[in-house]
Each structure stands twice: as C-alpha cells, then as structure tokens.
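The two complexes that follow have subunit A in common; it is paired with subunit B in the first and with subunit C in the second.
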Partner chain A sequence: MSGLFAGVSTRGRVLFAAFLAFLIVAPLFLNDYWLAIIIIVCYLGYTGQSWNLMLGFAGLLSIGHALFIGVGAYTGAALFVHFGVPPALGIFAAILVAVVAGSIIGALGFRFEIRGVYFALLTIAFAEFVRIMVDHSRWLGGTAGLFLPVQNREGIDLLNLRGSPLMFYYIILFLNFGALALCRWLLAGRLGYYWQAIRDDHDAAQALGINVFRYKMIAVMISSAMAGVAGVFYAFYYNNLFPEQIFSVEQSVQVTFAPIVGGVGTLFGPILGAFILMPLGRVLSTLTEHWNLPGIQLLFWGICVAGIVLFRPAGIWPWMARTLRLTVRPGKDE
Partner chain B sequence: MGQPLLTVDGISKSFRGLRAVANVSFEVEEGAIVGLIGPNGAGKTTCFNVIAGVYRPDSGRIRLRDATLNGLRPDQICRAGLARTFQLVKPFKDLTVEENVVVGALCASGSVSEARAATGDILARLGLKAKRFQRASELTLPDRKRLEVARALATRPTLLLLDEVMAGLRPTETDEMVATFKALNRDTGLTILLIEHVMRAVMALSQHIVVLHHGEKISEGTPEHVVRDQAVLDCYLGEEVEV
Partner chain C sequence: MPLDTYINVLINGVLTGLVYGLSALGLSVIFGVIRIVNFAHGEMMVIGMFLALVLFRWFGFDPLLSIPVAAVVLFGVGYALQAVVIARVAHLADHMQFLLLAAIAIIIVSACLMIFGPDAQSAQTDYSLDTFAIGDIIIDKVRVYAGIAALAVTGALLMFFRYTATGKAIRACADNYLGALVVGLNVGRLYALTFGIGAACLGAAGCIILLLVDVHPYLAPSYTLLAFVIVIVGGMGSLAGALLGGVLIGASEALAGVLLDPSLKTAFSFALLIVVLLVRPQGLLGKALQ
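And now, the complex of A and B:
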C-alpha cells in the first residue's frame, strides 16, 4: 500500500484522506441534486482516467472514447433487457466487447504506424461507424433508443444494478478511486515505464528493446476495458440509451475535458478537473437559467479548456501540487 | 582470432535510387573497439540503421555471433544484445535521468526494483549520478549524450553502437567520454562500434577503423594504416591529420 503513496508528501496524504473521507460521508448532508452532480463528477473523473491512460501515459490520442463507453453500455443493457442477464455478469461481456473494439482500432492503427492526430481520426471514424450501426439495429432499439425497466428506486440490488442514487453514488466513487489506484500501480511498474518511454520517444523506446506494438495494444485494451465499465454504469444509471447521444463526438470530447484541465499524464488530474469543471458549469447554468442559454455549460467548459491550454498547458494539478507542496520531487526531502 | 561478434556481409540500402550503402562488409571482433568514419553523407548512419533494424537491407546479411539479425525489429535486435544511441539524442524528456536508464535496464531485468538497482553503477560511470533526479529535459547537450549512452548500456548489450556521441562536446569532455569507453571496454569486455567525426576520439579509441565514402567501403585497418591510406586522404582526412 505504501507504494501507492510514494512521492506524496505527508500534507498531500492528509488532504487526500480528508477529501476521500468527505466524499464517503457526503451523502449524509448533500441533497439529491448535489449527489447527482457528484455522481457525474466521478463519472467524468473515471472516464477521464481511462482516456488519460492512453494519451497521458502512452501518448495515444483518442477522440473516440464514446465508442468504448457506448459498446459497453449497449452490451450490458441489451443482455439485461433481452436475456435478463444481470449486469454483475453482463459487465464482463461489456468489457470484452469494449476491449475487442479497442483492439481492432489499435491493431489497425499500430500495424500501419498511424500516429498522433491520424490515430485520433481513426478512433472518431470507428465511433461513427458503430453509432450508425446501432442506429439501424432494431434489436438495440435503433434511433428510438433502448430503455431499461425501472422497478427499484429505493433499495440496493448490486447484482442487477437497480436501486437508489445512493447506491450509484458509492459505485462510481469506488470506480473513480479504484481507477486512480489501478493507474498509480500500473504507472509504477514495467508498463508505466514502457508507456512513458513510448510517449516521449517512440524510436528510442523501440531501440531499448520495447515491443512498441504490444505495449500500445495493452494501453488501448486497458483503457477501453475501463471505458466499457463506465458504459455499463451509464446505462443502468440513466436507464436509457440513444446512439446519437452515447456514441456522439460530443461525448468523446467531454471525456477529454477533465484530464486536460486537471493535467494530462497526471494521476490526480482527471479527478481534479472533473471536480472543478462540473460544479462550476452547473452553478453557471443555474445562474443563467432565466436567460435560457442552452449549451452554456459546454461553452464554459470549452473556454476553460482553451484557457488551460494557453496558460497552463500542463494542467492545474502539477501547479497545485507544487504550490501546496502535496508531492515530493524524487531525491528531495519534504 | 575467434569468430567475429558482428559480421556485416555485403549490405546495400537504396532510397529511391540513391545508393546510401553499397555492398559494405566488415567484421567486429569480440572485445574490440571499431570506428566507422567517412565524410558527411558517406552512409555511416544508414549503415548503423540497417544493422540496428531501422531499415531492412536490400541485400546482404548481418550476423551477431550465429544469429542472423536481418528482418528483426529494432526491439528484437536490442534483446539479441545490440544496443545503439542516436545521433540526434532522443531522451525521454518527461522522465528523470534515473527513470530513463531504468527503461533501458528493464530490458535485462525481471522487475522495476531490479532495474532500478542496476542503474547506480551505470549512472556513476557516465557521471550522471548527481543528476539522476533531474528531468531529462533539463539536461545540457553533453549530459543528454551521456544519458543516451547510459540508457543503451543499461540494456546490457554485448555490442554497443555509438552514433556520434562526441559531437558537440568540448575537448575535455571528449577526453572524459573516451576514458569512459576505454574503461568499459577494459572492465566489462564490451565491444563497441562507433561512428565519429571527432578524429581525436576515433584515433584514441579504435583498434580498427572502417572508412566509408559514397556508401562504399574504401579502406579498413588500424588507425595508423588508415590515416596513411591515399584514398582516405583524398576524400576525407586531407593531408594534415596527426595520429
């Protein structure tokens, strides 16, 4: 366990523990409205972490994460709706389908050495293919959408993911911090070193004996598996799926906001970014409510991202960690 | 003389009709330091890249002991025991100096902790120990060159290919680097093949020199022999080189 906090100062550990403790007890004093907001915050933090694993760690830009989320969502939902398979089992199928989707894109992209922006275009293209396919699939509800039966809004049925918002709150909180721990662990291991080497210099990494194809594939597979899990959560939390919503470029782009604002390639960046963007966006929407400005929140997020890219391209987290002395540079004492 | 460590047998490589390397053959004995010299555009780096697996040779064979290297990817060639540096340094800029070397050491280690333990000696040899926690992007060019070597060494190669690691170094730094390679060669028996423009370094290091010009081998032999070879003097060294 101590390895997970290597490089974090005592102050950083205390603040992290306080932050986590706050989130655990938050439902005691937050109303349903704010609980719902924190659920979305954690969802954005979690999907952001999955996206960050590809770009921030391995240098692979995806603007098609909606694809992995979407196929995960549809797989979990369709198995439940058509065959009564509980999502506790369906999630494995969802992960599998998401990983297959990721592997196809990865294998094509990496086999033909498609890098950078061109790889991103490939991810967008596949998300669009699948959106159109689902649009025309009657079995998946087509454009009219796929709806999950809602019976249980109060209790806790983890097996079937039917229950109160509180249950969803704790699930996504667990996913969010579980992903943080997972990424922290991955980054400290062989995979982390190899990914960062590939990100910083592909040719030098290969010259040092790294099978770049294999390790880029592993990055895409883990990232898409994580996104597939997010999809199952999405499906069972919202109880409805529309292809033009879940597979949209907008969804893919939204996934990128939290890590960009928090800090691409940092571990805490996606969570921090989500906690900054979402509540601010919501407050702004509420404040401007009587002017009726649809899309104000997205516009605001876009401005935030532009500002970060211009003025603090490394993101808020590295700056915050330094200013508040939450981390310790290697080789230095606190 | 035993079996050579590296055998380059008649390799050729063309780029759209331009013959960058034409039918070049040479051998590198186990434990030797061999220099590959020639004027700009002579095909030295292309020759390196063919050996290191970046380019596939149009013809010819490359063997490391009994293993054929042709057609292997650069990572497979590294794992076969042949490490290289890049002429234009390629540090992993967001990683620390130590982490850069750990990446190389992982090639020969079972775990990250084992790899990290292996970096100490290498960093000390290259004079980078005090800077091991600095980010590679903060290093000066001479230090980046040293890092390039340290990283390649960490893969525990049997043959090290050095592509102009002395270029841009001051004379005293060059001498330090020469001493480092001599010590490595003496202490560990490491075989080295180097491309170098700094004649002072090539002459001080190499037991054997191969001269390329227009992609062809025009001379080969001991440093004393090569600097007196008329063909070499005509195209490359000129008249005034002192050994």
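And now, the complex of A and C:
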C-alpha cells in the first residue's frame, strides 16, 4: 500500500484522503441532481484514465475509444436483453469483446508500423466502421436503439445492475479510484518503464531490446478492457444505447478532454480534469438556460481544452501538485 | 438494373466526387506543407456552407456566386488560425496539435449549433430540380455546375502552385523546410498562407456542396472523416491524389448506394481506408513515408 503513495508528500496524502472521504460521504448531503453530475464526472475520469494509459504512458493516440466503450456497452446490454445474462457475468464477455477489438486494431496497426496521427486515424476508421455495422444490426436494435428493461429501480441489486442512482454512484467511484490505483501500480512496475521508454523514443526502446510490439499490445488491451467496463456501466446506467451516440467521433474526442485538461501522462490528471470540466460546464448551461443555447457546454469544454494545449500543455495537475506541494521530488525525503 | 442506370449513377457520383476532391485538396495542401492533420476540416467546410446559406437567404446570392466571398473569409480564418494559434504549438508533439484541432472542431460545431440550430436547411435555386438529358442518360444540372466549379477552383489552385513565385515558395517549404529557411523564405508567413489557401478551398467546396446537400452543424464530422478517407486513399500531401481519391470515393459511394443499402456506403469507404492504411499508408499517389 505504501508503494502506491510513494512520492506523495504528507500534505498530498492527507488531502487525497480528505477528498476520497468527502466523495464517500457526499451522497448524504448532495441532492439527486449533483449526485448525477458527480456520477458523470467519475465516468469521465474513469474513461479518461483508460485513454490516458494509451497516450500518456505508451504514446499511442486513440481517437477511437468510443469503439471500446461501445462494444462493451452493446455486449453487456445484448446479453442481458436477449439471454437474461446478468451484467455481473456479462461484464466478462464485454471485457473480452473490447479487448478483442483493441487487439485487432493494435495487431494490425503495430504489425504494419502505423504510428502517431495515422494510428489515430486507424482507430477512428474502425470505430466508424463498427458504428455503421451496429446501425444495420437488427439484433442490436439498429438506429432505433437498444433499450434495457427498467425494473426494480429502487432496490439495490448489484448482480443485475438494476438499482438506485446511489448504487451507480458507488460503483463508478470505486471504478474511478480502482483505475487510479491500477495505473499507479502498473506505472511503477517494469511494464510502466517499458511503456514510458517506448513513448519517449520508440526506436531507442526497440534498440535496447524492448519488445515494443508486445508492450504496445498490452497497453491497448488493458486500456480497451477498462473502456469495455465503462461501456457496461454506461449501458446499465442510461438504459438505452444508440450507435450514433455511443460510437460517435464526438464521444471519442470527449473522452480525451478530462485527461488533457488535467494533464496527459499524469495519474491524477483525468480525475482532476473531469472535476473541473463537468461541474463548470453544467453551471454554465444552467446560467444560460434562459437563452436556450444547446451547444454551450461543449463550446466551453472545447475552449478549455484549446486553452490548455496552447498555454499549459502539460495540464493543470503538474502545476497544482507543485504549487500545493502535493508531491515530493524523486530522491528527496520530506 | 439496366446499364444506363449505372452510367447515370456513375456520372453523378464522379461529379460529386470532384467536389469531394476539392475539399480533400484543402486537407492535403495543409498536411503536405505544414505537416498538420486538420481535424477541423469538415467544420471549416460547414462554415463555408452556412456563409453561402446566409448570403442566399439575405441577398438571394446563388451559392456558386458566393464562392469568392466564402473563399476570402475562410482564407482569413485559416491564416489567422495558423499565424496566431497553431504556430504557438509547433514545438509540441503531433498528437497535441491534433487534439488542439479536435477541440477547435468542437468549438466550431457548438458555435454553429448555437447560431443556426440543429435543423437541416437548404438553398433551393431555380435550377435545383432541372436535369440535362443526353439520350437515355440524365444528369442533374446542379451536379454538372458543382463539378465544373470544383474543377475550376482546383485548376486555379494547381496553376497557383505551379506558376506563381509564392506557390513555388510554398512548395519549397514542403520539400525542404531547412533549405527554405536557409534561402531566406519567411516560412511562418508561408505556413499561414498555406493554411489560408487550404481553408479557402474548404470555403469554396462548402458553397458548391450546398447545391447538393442540406446544411446542419452535425454534417461537419462526417465531412472531416470523408476527407481523411479521400486523402489517405489518394496519398497524404499529394494534390493529384486528393482529386483522384475524391472521384474514386464519389463514384464508389454512388455505386455502393445502388448496389447495396444506401446507408452502408460509408462503411465501404471506411473499410477502404483501413485497407489502404495497412497496405499502402502513403496512399495511391503518395511518396513512400520515411
């Protein structure tokens, strides 16, 4: 456990514990509206963490994360709707399908040495292709959408993911911080160092004898597995799935917002970014409700992301950690 | 189905493809010189479409007459974007530039949504429903005009790159960045000019395509993707490749629309994109990547 907090100052640990404790007790005093917002915040933080694992750690730009989320969502939902398989089991199938999708893209892309922006275009092309295929699948509801039967919304039924918003809140909170711990652990290990070596200099890493194909594949597989889990959450939280929503490029681009604002390649960045963007965007939409401006939240997010890339490309987290002295420099004791 | 149906569909597809080609040219010019993938491509084209729509609604301008206006406005937008915004991130990694343009794309779509609303709007000219008939072959008048206009703009652009000093200077930057600096070219200004020219293509293409398609903000991402497909199939940075790719995609989409389910036609394009990315990432007419 202490390894997970290596490099974090005492002040950082105390603040982190306070933040986590606040989120755990938050439902006691938050109304349903804000609870729903924090659920989306955690969802964005979690999917952002999954995206960040590829770009921030292994240097692989994905603009197709909607694909992994979407196939996870559709697998979990279709198994539940058609065969009554509870999501507690269906999630394994969803992870499997998402990982297979990631592996296909990764294997083709890395085998043919497609790098950088070209790799991003490959991920977009696959996501769009699958979107159109699902559009035409009657079994998956096609363009009309796939709807999950809504029942015992009020009870707590963890196996079937049919419960109150409170249950979804704790699930996504757990996923969010679980992903943080997982990434922290991965990054501190051999795998994390290999990834960073590949990210910083692909050819040098290869020359040093790192099997770049294998480690890039592992990054894509872990990232797509995490996204597949997010998809199952999405399906059972919203109870409806539309291909042009969940597989859209816009969705893939939105996944990138929280980590960019928080800091690409930082661990706490995705969570921080989500906590900045989502509540501010929601407050802004509420304030401008009077004028009925449908795109205002996305406009604001776009401006935030563009501003961060232009003026603070490392993101907010590194600056915040330094200013608030949340971290200790490597090799220095407190 | 009789043969002349196919010929009809093919000709109309090729004419539409010429407009696609002009739009893709905008993407290709920018990538070929500045090495930036303009993720806000379709969004800038939609700005051109809305501009033509407004001119049509307010002053009754034919969309084809709006081409110079939209080209000049979009040139200004592109020039400013490169000179003020993108030049600032030139030192960052490729993916950060890509993500910046993705954010700009989202800003443009949201702004269009707030100004014009989500509904599809069209500019109906008095020749919108007319056709030319050559024997059994029937061709939509608008598509003929659109194809000619696209060819004219494309021709003007190719002449510019071939014969003017500025055009040559821009090609010099693309061929050898360091060499261009050494001989004293103002690369920063030429880059801004290039982005402006690429954006002007989109303005023109937007006006032309308004003859064929109703405009709404969510059209933008699909045009971005379409241009990616065309440019990658034709070869990133190759001007002739963009045109060829445009015609190929236009024709194959039109044919796929008849032979298969019409809504499957884009799936075909993306499958083509995946294959080309894997087998020949430099595209059909592109030079091999280093």
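The working rule: the second predicted complex is superposed on the first by the 334 of 334 C-alpha atoms of A that agree within 3 Å, B and C clash if a C-alpha of one lies under 4 Å from a C-alpha of the other, contacts with A are read in each partner's own complex, and residues count from 1 in each chain.
Rule of thumb we're sticking to: contacts are C-beta pairs under 8 Å (C-beta built on N, C-alpha and C of every residue); 3 or more make two chains touch, one makes a residue touch a chain.
Worth saying up front: this structure is predicted, and the values here are computed from it rather than measured.
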| item | value |
| --- | --- |
| Touch count on subunit A, higher of subunit B and subunit C | C |
| Contacts of A:V249 with subunit B and subunit C, given as first, second, both or neither | second |
| Touched partner set for A:L310, first subunit B, second subunit C, both or neither | second |
| Which superposed partner A:L298 touches (first subunit B, second subunit C, both, neither) | second |
| Touched partner set for A:H136, first subunit B, second subunit C, both or neither | second |
| First, second, both or neither for A:S164, with subunit B first and subunit C second | neither |
| Residues of subunit A that lie at the interface with subunit B and also at the interface with subunit C | none |
| Interfacial residue positions of subunit A with respect to subunit C in the complex | 55, 61, 63, 108, 112, 114, 116-118, 120-122, 124-126, 128-129, 132-133, 135-136, 248-250, 253, 256-257, 260, 264, 293-296, 298-299, 301-303, 305-306, 309-310, 313 |
| For the subunit C and subunit A complex, residues of the former touching the latter | 37, 85, 88-89, 92, 94-96, 98-100, 102-107, 109-114, 118, 217, 221, 224-225, 228-229, 232, 261, 263-264, 266-267, 270-271, 273-274, 277-279, 281 |
| Partner subunit A, residues of subunit B touching it in the complex | 52, 54, 73-75, 78-79, 83-84, 86, 90-96, 98-99, 102-104, 106-107, 111-112, 132-133, 151-152, 154-155 |
| Contact set on subunit A toward subunit B in their complex | 188-190, 193-194, 196-197, 199-201, 203-212, 265, 329-332 |
